[in-house]
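Here chain A shows up in two complexes: once beside chain B, once beside chain C.
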Partner chain A sequence: MIDVSRPEPAVWLRGLTKKYGPATVVDGLDLEIPRGSTFGLIGPNGAGKSTTLKMMMGMLSIDAGSATVLGVDVSADPTAVKRRVGYVPEIHSIYRWMRVGEVIGFVRSFYPKWNAGLCADLLDLFELDPKKKVKQLSKGMLAKLALLVAVSPEPELLVLDEPMSGLDPIVREEFLDGVLRSMCDSERTVLFSSHTIDDIQRLADTVGLLYQGRLLVHSPVDDLLTRTKRIRAVLHDGVLPRWLPETTIWQRVQRREWLLTVGDFSEDLLPRLRGENSVHDVEVQDLSLEDVFKDYVKGRKGAA
Partner chain B sequence: MRIDPKSHVPVFRQIVEGLQSAIAAGIYRSGEVLPSVRVLAIDLQVNPNTVQRAYEELERQEVIEARRGVGKFVARNGPRSALGQAEVAVREAFERGVDLACDADLSKTRIRELFNDVLSQQTEASRAQR
Partner chain C sequence: MKALLWKDYRINRQVLIVGFCLLVAPYLAAVSWIWYDRGLTGAGAHHWAAVLAFAAQASVICSQMTLVLLAGYVIAGERRDRSAEFLAYLPPSRSAVLTSKALLSAAVALVVWGVFLIVAEIVVPALSGEAAAGQSASFAQTRPMLLAVGVTLFGMAWLGSSMLESPTYSAAIGVVAVMLVPIALSLCHTLTGQPAHGDDFMDWLRGLYFALGAGGFVAGWMYYIRRVEP
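This part shows the complex of A and B:
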């Protein structure tokens, strides 16, 4: 049960599961995203990111568990969720026969609220011509139109599925600009999926690493960078490591070099590491976010 | 100021350090207004919450001050505080360097020689630039 003294999270997933035949794509996922935060879901292709977002949006059936979005149980009332969430899918299926201006007018008619100022700003920033037919738009223009109609109703939650994959650098920058503008204008919860570190670093305050349908990591981005460290030690001849810190994510011994990545590093760890193992020249290295994620995935593969 | 998403330094820290050095270098002077959270977030292409947190950290360090409803300003002693904070970062970098040197069993004399080498190289390079 959720503590009543706390505001309800924007997204609350409990044991969310999706199976395709024998394959479990999303495997008992538990996730809570507090209101006002920006959550980045990262993971390799096929990790279950898109499937998770689609279940949350009521676009895919849930096989087990539940999803509560803005206090609404998605299975019970998917329409209510769609009305309150701005969603930019990976593949933009906007009414191709309409003109840009018609799409905007049409979408606008579904929502009680519409930020005309933001809509006009984005139209201008994105250089979208209201007279142009949707089917004549490039992939980048289509992505920008999808974002514009998703944020103009000022949704409490914005969900972006791989929003910037396949966009050229200039369009990417404009798209990012649009997302940031809409984030600045009101306190909004944003949930996005991505497979690039750059998006996570720029947008997310909290990150979840999804791998084989499970969350391997769920942490504020800053903590992950400051607390995950790689330790390199040189082993004395003919010995192997005897003691491992509890929060070891991944380790490798090659010749006399012992590498290990720990999830909750503190300086106090080093005397114990030296004391319990026959090592010398212990060195602590900082890791980039990319290395952190790689080590988590390698660690999981090694454990399997 | 640029944000490097590949760095091991959190984006929040990068913004704090970037503003410290901008203030220490006199790009923003005492009493001058700083860009709003919105402007800086869009300019650097980062989450506005992160920019807000960086500003709060600089306020805590008394490098900047917030005037309610008006904006963020460089504090009277801001440039000096920023310089002090920049020195802290430099000192930490030196500590890491010295640690590395000790691990490699270098003598104190050798460490000083190397340091002087790097220093004179840098000053020559910056002189050549001017």
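This part shows the complex of A and C:
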């Protein structure tokens, strides 16, 4: 249950499940994203990121569980959700026969609010010609148009599924530091998925790691990076590790080098690690978000 | 709704152009035939009336194809080119999306039958007086059946369109339904002796066509509204 003393979360998923035949793509996902936060969803291909976002947007049926977005049950009233949420899908399917200006006019007609100034600024920034037909746009230009129409109604929640894919490095930089940063700094809630962990690290205040439809990590980025450390130790000749910390995410033994990544790291862990295992030269390393992500995935794959 | 109507008109423009051609082609053929046969000024009013009555009948028969094509394309067409996914994350409700498509279809049906009725009921009698009355009366008898066939073609293609990704298969469902109903009714007659041949059989056929078409339309509507995926 939600604590009534706290404001309603922007996104509240409870046991969200999606199956395609025998395959469970999203498996009992529980997730709460507070209002005003910037949440980055990361995960390898096929982790269920896009499926989760589509269920949240009322574009895919939910097999079990529920999704509440901005206080509205998506299954009960998807239209109310769509009015208040801007969404950029991974694959853009905007009407190819429309001109850019027609797309803007068409989308604009459905929203109660539209920031014409922002729309004009983005048209300039993205160098989109209103007279050009959608079918003449490159993949990158199409992504820009999709972003423009998602952002211009000034939605309370912005859901971006791989928003930067297809953008060239310069526009990507401008978009990240200009448009998205201003969105993230405002009161607005932003939820975006990305393969590019650098984008997540730059913008997100909280991160979720999805793997095989399950949420492995849900933590503030800084907290995650502070808590997760890699320990490098050298094993004595002919011995193998005997004791592993409970919070071990991933480990590898190669010759005498023992690498292990642990969550909830504290300095107290090291004396026990030394005491229980025949090791020397124990060293603690900081990790980037990308390393954390990789180690979680490798750890899961290893466990499987 | 205006934006949705404009979008539906633009998406189905090719079908509408084909439909326009099917609507006017019999009239053009009639005018050409008179021109060729007697010259435009040489033909008398009675002659014009007879040819126009025939053209009107042919036009409304040809235009059944427009309605079945439109029903097949109007929903499934957007699913096929994936543009339905774009609309799916925009705010319009599914009933608004469907209402726009139904309004466009209704407008087309209105034009088809409106042109037919104006020509058959106003123009032809005005030109012919009593002379073409017999022909008009015989054509008039076929109107309920034509309407019933049109309803089935449209309703069943609409049902297919709401469920499938292929406009062609959706339209084919309408055509197949129109062919299957008399076959099923004949089979029923062979096995049970009912309905009897003649008027009774035709009444049953018309009734079944109307019921099937209306049922298909309602079922398609309900299915689309309840469906979550675009």
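Miscellaneous remarks
As a convention for this text, the second predicted complex is superposed on the first by the 290 of 304 C-alpha atoms of A that agree within 3 Å, B and C clash if a C-alpha of one lies under 4 Å from a C-alpha of the other, contacts with A are read in each partner's own complex, and residues count from 1 in each chain.
Keep this in mind: contacts are C-beta pairs under 8 Å (C-beta built on N, C-alpha and C of every residue); 3 or more make two chains touch, one makes a residue touch a chain.
The model shown is predicted, which means the values in this text are computed figures rather than measured ones.
Touch criterion met: A:173 reaches chain B, while chain C stays clear of it. When the two complexes are overlaid on their common chain A, residue A:83 makes contact with chain C while staying clear of chain B. In the superposed pair of complexes, A:61 makes contact with chain C only, with no contact to chain B.
Of the two partner chains placed around the shared chain by superposition, neither chain B nor chain C is touched by A:138. With both structures placed on the common chain, the touch criterion links A:266 to neither chain B nor chain C.
By the touch criterion defined above, A:197 lies against chain B but remains apart from chain C after alignment on the C-alpha atoms of chain A.
The intersection of chain A residues touching chain B with those touching chain C, taken from the two complexes, is empty.
If you check the complex, the residues on chain C that touch chain A are 2-3, 6-7, 10-11, 81-86, 88-93, 228-230. If you check the complex, the residues on chain A that touch chain B are 36-38, 173, 176-177, 180-181, 183-184, 197-198, 200-205, 221-222, 225-226, 281, 283, 286-290. Those residues of chain B that touch chain A in the complex are listed here as 3, 5-13, 37-38, 41-42, 45-50, 100, 103.
Those residues of chain A lying in contact with chain C across their complex are 57-62, 75, 78-79, 82-83, 87, 89, 91-98, 105-107, 109-111.
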